[in-house]
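What follows is subunit A paired twice: with subunit B in the first complex and subunit C in the second.
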Partner chain A sequence: MDQFFQQLVNGLTLGSLYALIAVGYTVVYGIVQLINFAHGEVFMIGAFGALTTYLLFFDGKTSVWILPVMIVGAMIASVGTAVLMERVAYRPLRNAPRLAPLITAIGISVFLQEFIRLFYERPGWVVAVFAGLAIALGYFVGSTRTDAHLNHPVSRWYDRAPLLGGAGGAVALWAVLRLSTKDLNVGLIAAAIVGGAIVGTGIGLLAGLAARRQARVRISLQATAASAATAAVASEVGWVIFKELITKPEHNGQPFEWPSAKQRIPFPQLDVVTGKAITIGNVTIQRSAIFTVAALVMCAILLWFFINRTRLGRGMQAVSQDPDTARLMGINVDRIIVVAFALGAVLAAIAGVSQGLQNNNIDFRMGFLAGLKAFTAAVLGGIGNVYGAVVGGLVLGVVEAMATQYIPGQFGGSTWKDVWAFIILILVLVFRPQGLLGARVVDRA
Partner chain B sequence: MHQRSVVRVGASLIVASLALTACGSRSGNDSGGDSGGSTKTAKIGVIAPLSGDLSALGLGIQHSVELAVKQANDSNAIPGWKLEVVPKDDEAKPDPGKNAATALAGDADVIGVVGTLNTSTSQQVQPVLAPKNIVQVSPANTGPGLTQGANWQTSPKRPYPTYFRTCTTDAVQGPFAARYLYETAKITKVATIHDKKAYGQGLVGTFTEEFKKLGGQVVAAQTINPDDSNYQAVISAIKPSAPQAIYYGGEYPQAGPLSQQMKAAGLNVPLMGGDGIYDPKYITLAGKTSDNDLATSVGAPVDTLDSAKKFVSDYNAQKYKDPYAAYGGYSFDAANAIINALKTSLKDAKDVESARQATVDAMSKVAFDGVTGKVAFDQYGDTTSKVLTVYKVASGKWATVQTKDFETK
Partner chain C sequence: MTDVKTPPAEPEAAAQPPTKPIAWPLGLAGVVLAVVGSFLSWSYDDRILGDLSLNFYPGGLQILAIIVAVLALILLLAERGPLTRLGSWLDATLGLRVLGAGLVLYMALVLVAISTDSNGLINVNPGGYVCLVGAVLLAVSAWMLPLRQLRDMSEAKLPGWAEILAIAVLMAAVLFVAAYALGLQDAWSFVLCLIFIAVVAVALFRTGTLTWIGHVSQRHRKVLTLAAFVVAFLFPFTQNGSDANMSIANQVLIFGATAMGLNIVVGLAGLLDLGYIAFLGAGAYTAAVLSNSAFATVGWKPPFLVVMLVGSAVAATFGLIIGTPTLRVSGDYLAIVTLGFGEIFRFSMGNLDGNNGPNLTNGPNGIPGIPDLELFGFNFGDEHTVAGIDLGRFSNYYFLLLVLIGFVILVFARLNDSRIGRGWVAIREDEKAAEAMGVNVFGLKLLAFAIGAFLAGLAGTIKAHQDAAVSPDQYQFIESAFLLAAIVLGGMGTIAGVLLGATILKLLPEKLRFFSEYRLLMFGLLLVLMMRFRPEGLVASRRRQLEFHEEDEQLAVAVEEERLVVEEAK
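Let's turn to the complex of A and B:
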């Protein structure tokens, strides 16, 4: 009996982690009926994003004020991954038979795990990401300089050709220049920018000429030049960031090396949220546990506020009830879906930071098992139901902790805790298939 | 119309490019003549975890074997023969290990293998190498069953005559730790944890037996899942029985976080483990609270023996990317044991395959002074030297506490 409260605390801590990740699963399922198996990897990438932020800016320090910055870094990493995943892999499969996105999700999960494992210590791929961002930024700035509509369903790629040619040409020149000389002197940077702008404009004009037969709108020279110049500047800025920050030349007198993700990487232990545990009576509460539970409470409140009191939240409710009618009502369903993915990713990022603080190391495999348990928690609480995910996560965590402590003999202990957790899931689903709080899925009547 | 011309142009382009690639690198395959001539090649395989969590230990094993082979080649230890190292990654798991062993067994030039690191992997590798008479010398396997059979406690029987090892077994390491804790550290109540793998479970088993025989009390016995990273439930289950130390059977990727979480949860007792946790990475993972944690390892510390000093300086001179780690000295001795056996067996052999049985026979008679002490094998293939050392973590590094020869009582 004396261990009951201790194991309750342990269970709630573990459960909070599952709950934060489970919300991501449940929100996505409620809106697009897709079990996003890659969400565990979004959680893992959030943790790695926090670690990267720490290593880039705060290496060696342990002040607790680093924590918000790390959380922001984690969110950028995980939201970026989730939104990219949605655009690239799930949106084209929106109308495919249900099996296709499911297998795609599993494939993305494996891809992300291996990508982090192999490329975390070799940050060269960041340059390619910066190049892509430069092209996107150039296109965006160019499109604001012209008042032509660039989204006509038939001819939009021909309409966009000059802007994309401009941005692409600038980045191409930059790439050729940077492959030959990697230094950072001002003359070279200026040459890259000016040269990129000129060459980009030229290529943009050529592209416009080539597409002139099929295009509906004409892009002015000014817009093309703007897109080329912006892309050139953005790619140079990216290169400077890469050289100065990411491949830091000196660090305490030794060249900086990114830790290899092929093994567990120690996670920074910050001051207030880690350290000596707090003892109340005979219950020991870890500081990172308090952080996790507090994070869950705050996220749950903010989530309630977002879903019930903002337009986007109301839009999410509408789309999860009936996407077609929502579209008729003027809700941009595509944007709502992106918001759903991003929302799940934000919570997964926070979960990643708390897992790192609690276990003091992160690993490229940690997303897989945590994702599986979180999905179980989401189903346990009622798939599609956000509060169900929270309750399901907490229940699963507490059941695991209690099973470790109270099941005696051969079938007890931590060896069998996973078994008991899944037995509870089976029992709940047999007697109450809609989950504890009731599922909320689209009524396809 | 338009489409057909595209196909025509495309097809001719593909044919032309294939023809061009065929013109080029034909010369690459002639590796410098001499095939039927004077020097024949014999290969020594290495099966160890070259990637993953335990790669620090595995790469140390690989480089130590490479050093031994390089020295043998440079000094022309076996006239008429050149030795080559073939490293294979087993990822510290049985199935990749079996695949690695199958690949080596299928190669007709392989005469011996140094490996593996993990006992559970060796259990899959032995039955693949043994039928081909390829001698296998392990620098790090400590499971007693590998040389003395499944019933090693009651009726030892050697399962594979091709398997040898240069390190002592858990039948010695577990009781050694038990004696240190009970007699030297005066600890009478211990809780045990293991990771359910062959090594950890065996080590905890022998430890528990000896500890109880000495009069100590094992107050809790728990297990963890090696894939888990959160051990709170186990720590909370052990805490109420108030042990004075925790004995952990397993490796450092789990032991490090376990130690850190234990101390953070208020269970402030030393964690003791076997050679699987004796690595600098353990201290990195376990953090600042790991002071006073203990580990045993086979043999005396490599840097204290005179015979080892030359090994250390030679190893550093080669500037390998990774340090020799805990098993570097043992791997060097294992490779040299194979080389010594090859001096007898390859002398009059005309090819590698016919020399394999002679190598196995010569192995059992090998005796020389190696880096870790005297290298010789008993009738089971176990090493005859039973020296072990206890290490303690002090200010962020492993420090030697006690080196002793284990006497069977």
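Let's turn to the complex of A and C:
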């Protein structure tokens, strides 16, 4: 009997992890009928986000109060990834044949894995990201200062040329300056900001002149200047962050080096949530397991509250029932879709942290199998049904654990547990495609 | 909203700017400079890029530049001069723009290559700069030349023998360029050669020559197929016993044959299979287990022809087993189920090592030491000399694989043209409508799955002997993704496209070793970009193109017209 309870605990722990990830699949599927294959990678990036936060701010410390900050860092990383991939890759394909987004998802998944593997130890790319963010911010501030309607469907890139030119010019000057001298001193920072604002405004004006024949709108000098100035300030702030924080000159007297993601990276161990296991009778419970299950319970409650008691959550329900009608009722469907991706990413980030705490290490490959299992869990519970994902995750985890323990003979060991999980997936799809809770009937024909 | 204004209607004159008299002579000067520059020395260092340091003795890359310049000269003469009759068919200006811009890019990269390979731009000799100036002149003149009205390419007919000759010349050029490009050892030369190929191909496309070749090959389909196979057959004879390239070629062929099998499932029937590599693995493992390897676990050692049948039958059985229950679910679900199946296959092959299950596959170590094939007393490990040219082990397999891929293409083409193929296309485009029209949806889907698995299994049996080993990690998910990518990249449902995609995806990583670290990163990015900007693939079947661009009325008309042309040709 002890064995049974031990496996039950193991299964529930594993299942909580699956459930946290599975919610991401099911929320997105419920709203856009898209299997976001790259969701496993969002989970992986969450774990790396937490690790990065730890290394940046708390390296070497073990206090439990670090954990919330790490979770926030994980959420920023994974929500950023998820929202960006929705905007860049999925949104343009929203009306494409269904094969297209699926293949895109595979592409994103491979890309994100490789990106972490190759570039985690070389954070120089962060500078390029900051530059891109600076341009985006400059454009955004500029566009609020102009009364031209830039998001109108007929507007093209050349309508935006002055703003983009302004922001781009400022960032270009900053890039030239920072490629020649990398030091931080007040004079240089001021030069980069003032020079960027002036040069950017000039380039923006030139771009506006070049595009004036096609452009449908006129953008004022003031807006262009605002765009350039914002971009100049933002890029310089990005540089300061990069120099001061990310390439820390030294750490505990030694030059700081980022760990390489090509092998497993040890995950920080914190005071209360990791350490000596708790034993009840003959059943051992890891502290991280308690954290995972508690996180799932809390997330499930918050999720229930969010979906049923907030405006956005009700909007999500409406869109999942009928997107066109929801749009007619004044719901911003695009925003709801972004929220769905972000919601999934938040839970995936928490799952990433729990996975790190449980396994003591993380690696760039961990998203693939976990994502696949979580998808199995989502299908098991009934895809499109949020509570189904939670139930499905727990059931899958318990079944996997029990299979390791109770399937007799050579096919029982832990090496076969993944096989059993996939066999369950196939069996569910064949015999009960609507899943255990079955809100949404799978398109069978 | 007040400042949204509609652009004023452009006067007719603005659309066709007046001809600048200087443009044509400028282009001619550019061509002359480029040719002269190519005969001069480009680089001070004679050890890089295959010796470009001699005056009046152009090296390989210089000859490529000369070829581009000569093509540009022909187009210039078609614009104004003795070849103006050609000019009424070919869009010379667009072609010149491509050639000009391409040559500038090519020369700029040559200079970059010289300065990175030997320290700095100081090692560039005047010839390189002369050539670059010529290229720039050509590009500038091409942008000044006017665009013209052209005659409809489908009316361009030559005597039959001339058209067949054109096909032969094209195929010979393909063979020659392939042999040349594969012979290049250093990465820069290879990249430059690729750019040359791309520039010429785009120029052919923009002038309309490719359209004409398309029409010609519609009229002489059999000749084209035959010529393609002759070229493929002749390829080992250009390698002179070198195993390196033949091994790559074999990988390309196996990959291409497997991708072609998957093309039936994905391209024709529209069933997304993400575990297809498992069928290749099933064939390979069957062949390995039944081989004479010391690690083979089954006592029965049948001749290879039987092994081929058994292997493909095993794969097809797997296809049926996985297909029967899962083909009832559609689209995305099928993808996930097949993905799950692929993982089950890999885990099982890794687990069946005697500890965790019956010993069948020797576990994670796989089965090494698979002996070479022996077919009708002919051992594939032996070297042969034909007409003074050595043909090694890989060449022997190459010929066998050529037969295999020929068979696969034959199956694909015949199925595509048959009642079954039309049923598949109907299912792909609208399953419910197809069912209502009396198409046996489930049976045809299952058939697609089984045939695809059968062909993959067939390829797998040969692959096991060619590689001399099988192991579970050869059959990971990423390989399935690569197969799918080959199809997506080339063009779903087409033969040429899938072969092109397979070649690109297998050849480039092999030749660009310095790039291999970033291979997967680029691969992921490529998939995303392809889906965003050209979801129908490089060589798109027009029908497929229409599926992705439903609102494109012009394309719909073009597809309809093309159908009429094809019917006329029949």
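Criterion: the second predicted complex is superposed on the first by the 426 of 445 C-alpha atoms of A that agree within 3 Å, B and C clash if a C-alpha of one lies under 4 Å from a C-alpha of the other, contacts with A are read in each partner's own complex, and residues count from 1 in each chain.
Basically, contacts are C-beta pairs under 8 Å (C-beta built on N, C-alpha and C of every residue); 3 or more make two chains touch, one makes a residue touch a chain.
Note that this is a predicted model, so its numbers are computed, not measured.
When the two complexes are overlaid on subunit A, subunit B and subunit C occupy overlapping space and clash. Of the two partner chains placed by the overlay, neither subunit B nor subunit C lies in contact with A:374. Applying the stated contact rule after C-alpha superposition, one finds that A:270 touches neither subunit B nor subunit C.
By the document's definition of touching, both partners, subunit B and subunit C, reach A:413. For subunit A, the partner with contacts to more residues, out of subunit B and subunit C, is C.
In the superposition on chain A, contact of A:284 is made with subunit B only, not with subunit C. Once the two complexes are overlaid on the shared chain, A:363 sits against subunit B while remaining clear of subunit C.
Clashing C-alpha atoms between subunit C and subunit B turn up only in stretch 40-48, chosen from 40-48, 292-300 or 382-390, once the structures are aligned on chain A.
Across the superposed pair, subunit B and subunit C both touch subunit A at residues 369, 413, 415, 418. Listing the residues of subunit A that touch subunit B in their complex gives 2-3, 6-7, 10, 13-14, 262-264, 266, 269, 274-277, 279, 284, 286, 355, 358-361, 363, 365-366, 369, 400-401, 404-405, 413-415, 417-418. Interface residues of subunit A facing subunit C in the complex, by the touch rule stated above, are 34-35, 89, 92-93, 96-104, 106-115, 118, 148-149, 152, 154, 213-214, 216-218, 368-369, 372, 375-376, 379, 410-411, 413, 415-416, 418-419, 422-423, 425-426, 429-430, 433, 442-445. Touching subunit A in their complex are the following residues of subunit B: 51-53, 55, 196, 222-225, 227-234, 236-237, 239-240, 253, 256-257, 260-261, 264-266, 281, 284-285, 287.
Partner subunit A is touched in their complex by these residues of subunit C: 1, 3-7, 266, 270, 272, 274, 322, 325-326, 328-333, 335-337, 339-341, 343-344, 347-348, 350-351, 355-358, 431-432, 435, 477-478, 481, 484-485, 488, 517-518, 520-521, 523-528, 531-532, 535, 547-548.
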